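Before anything else, here's the structure in question.
Naming follows writing order (A, B, C and D), and every chain is counted from residue 1.
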């Protein structure tokens, strides 16, 4: 059993109104040292696989097929084996 | 200038309909080895700070004040110094 | 001629377009459940507005994998007419039947209101009952309604006149700026190069009866009927 | 989770003793938990039942009154409206988005549980001072939650109200009203079916969320509610949508003997209520219940308030068909038990019997309290207030201040987040009129929907104030052309164990009764939310009234917008001056006091009759009732909506000028009509004893009110539009 993480972020040049809104309210809240905020997704996955490579392959596959929209998003996967 | 990451996940026991929907869809797509999918947020932050501790403190502060909804969400922060 | 209105799990807007086609226009129309795989006998496929699969992950992300979508793709490739309204548009984008993607509204809020649209291209199956540069009023109701594509795609859309509807002010002015983001933001509906697949965020089915405040939307449906019955489909 | 004592579960010593007596032994933890939720205020109506019994609940159109999941009224052509209003206050105070969202989910389940297709949602909100950051967060979270849930169901949110008052800072109110349409012969009821019929649980898996939610919502909010946060429930509108379609398909195919949604107190309550209807018993095996989390105890499973679940009792022998249809909709459906004849609620964990108690003990033996009632000192004090003692104000700036007071200002910021058009039946949309109007496809008919309650008036005089709320709801329906049919109510109050609060409660319910019988509008459903208090204070008593009405001919509907310059403006009703409880006193003098204006229910009934006659004769070009802000603001709202001005001339005749402009005295409506039609209107008005005051005319621009020839209010349209149209937006974004 493997545990994987998928990180989904917006591509350069794609507007991130959520990030902008956060920057503004942080400003009004007095957090003047915050320069930039970018919103993305953090997806935790539990999966079965022969080995780590196999697991990475699967995570990439589901990211490209379903979890991320490659027109606007980039993704990064990471596998953490679960010690039973 | 520091770069920080904020990871926001649903608290144990809080319903994650998106995760459920993803699991079902992946199942029908033939990814039978995927057991569980949990949706969270991945937030990238650029901020000014004296030092790493200072930066961590700020990330925690903005997570609690704005980024995370502590009623149903947990958060984790992480700082990566940016080498200029 | 016969219309099909596809229903996915959680689809919420199917009844509105069905009502217009059947009761306002007296056309024959069926609901088609997403698990079906056969679209034989239909002339126009409509992916209705609203929500599907709760719009989880991304609007349209799950629906595009429903069994019926293979048939929709085949139908479209053979030149059949496909109309996606709102959520239907989002599904067409996720299925790569149209280019680009729809992002969260700038306001970060759901927006329900009447919008003014300028017709940018009247030489399509879907717009031949409009007049060039005519200003229409149609409601919008969406969360993810701001269109996005890369500059290259935008150039192609522009050159091939694939931008069919633009958001506009009443006087018909659409800021003709160079700014790529602003130009994107004005896009309300696009068509594929071949001209048989239209996706739009505004709701023609909600502006097809006087009692609802206007009938501009109705002419989109009569355009389709006109073209098809004209060519004896 | 650590075991709670019966006190922590909200039971007192007497109640605990009573339970021991009923069982003839100490209850085990599971049984205790089940008693505590069923005997909570929320489920057991401990403090309210005796008073609620006094409400008029019958009428020729009433098919089902209180007691079912929702009320049902006949609208002809074999169709009926199913509707109910319900609160989700404390969950929304803790988690505004999910709290409000699940509130919508809950009321919608009540509607389709009756076999009705949900066709509309309304929402009645009370929030604190909108300049307070915390209040802004609550406000946007609540509205986003209603929007997020309702919109994805494809059910239009067509109306409601929002009031702002510091009294609600820590105690926001979220009342959601659901409305459905059903063919009378397809109405479903929550009955247990035959002995031996299986109990089928459909929908979401059961998790640990919401355990003791019912108890929680029956307690005052204190800092310690922070510890109760695990009781927060998250909604899944997609699952709800599948449930709607599946359940309606089951009913269409006549496969159901009974159906009951799972709400407060989860399985315990819905099973007990279904079984009690026929004095039946039930045997349930919790190990059969699909679970979201590992290692859940019988206690947790029976008390969980996980959302989007339905209990179905199939017609004998049709359980497989039922499960099949549910599966087609992608819904999990499992048999978790069966109906028995021994009147006992037996809970098994596999083979093992883990709890057994009499069904009726849970539903009918819940103790009932007639609390002590005492008139609070404030009542007489406020009544004694003398408005003549007020320092004089510049009334033109008062007018502009009122226009931008969030309680009066345009609610577009709210309803533009709601899909109010889906289903393409909404013909008078939010903001356009005093009530929403929906067509009924396939008929010439329309239905009108509204919610109303000015809780400041109710606070100052619970009896009068509540009569005013009922009257305003009826008037709002009549203003759009609808005959009021029936009402639902959501009684939001403080802690009834406090004599002053119980007095408010008692007076308010008497107010509903009086108005309801005088106007002949029966009460067919409702909901009670008590203990809306923090350490600091109780909320204003807020008996929200939801009302439905019918238009036999939808062509006779009307909105509030002036239509053409030259039309004459008529005030139907009196030139009243009483300022008691007015928004003017609050906004311009910082006062919430005064004697609540008198209300003459017979006159109200006649006014409504006059409006209906006028609509029928198509006399009115606009119609708007006078409520918050008084005559001046009613005029302004009609003008702004129509983008036309007005010139009004009033004679003081020694009356107080600010009173003339801003009094919120009831039973008054502003209409604009064709000058040719005035005599017609006067005729019918005289017969009904309603005074017709011609006060001015519609103009192409500028809002002007002269008193004794002197311009008291004078504003250009742009200024007024901005003040009224952008106030809330400016405060929020």
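We take it that a residue touches a chain if its C-beta (ideal position, glycine included) is under 8 Å from a C-beta of that chain, and two chains touch if they have at least 3 such contacts.
Everything numeric in this text was worked out from a predicted model, so none of it was measured.
When the interfaces B-D and B-C are ranked by C-beta pairs in contact, the top one is B-D.
Between chain A and chain D the centroid-to-centroid distance comes to 41 Å (mean Cα coordinates, whole Å). Separating the centre of chain A from that of chain B, both taken as means of CA atoms, is a distance of 8 Å. In terms of their C-alpha centroids, the spacing between chain B and chain C amounts to 35 Å. Taken residue by residue, chain C touches two or more other chains at 53-54, 56-57, 62, 65, 107, whereas all remaining positions touch fewer. Within chain A, residues 66-67 each touch two or more of the remaining chains. Within chain D, contacts with two or more other chains are made by residues 236, 238-239, 330. Chains that are in contact with each other form these pairs: A-B, A-C, B-C, B-D, C-D. The touching residues of chain C, counted against chain A in their complex, run 57-58, 61-62, 65, 93-94, 99-101, 103-108, 146, 148-150, 181. For chain D in complex with chain C, the touching residues are 144, 147-148, 151-154, 236-239, 241-242, 329-330, 415-424, 426-427, 439, 441, 554, 733.
Only residues 17-18, 21-22, 25, 28-29, 39 of chain B touch chain C when the two sit together in their complex.
By the touch rule above, chain D contacts chain B in their complex via residues 94-95, 98, 204, 207-209, 229-230, 232-236, 238-239, 292-293, 306-307, 330.
Note for the complex: chain C touches chain D at residues 9-13, 15-16, 19, 23, 49-51, 53-56, 107, 109-113, 139, 141, 143, 203, 205-206, 209, 211-212.
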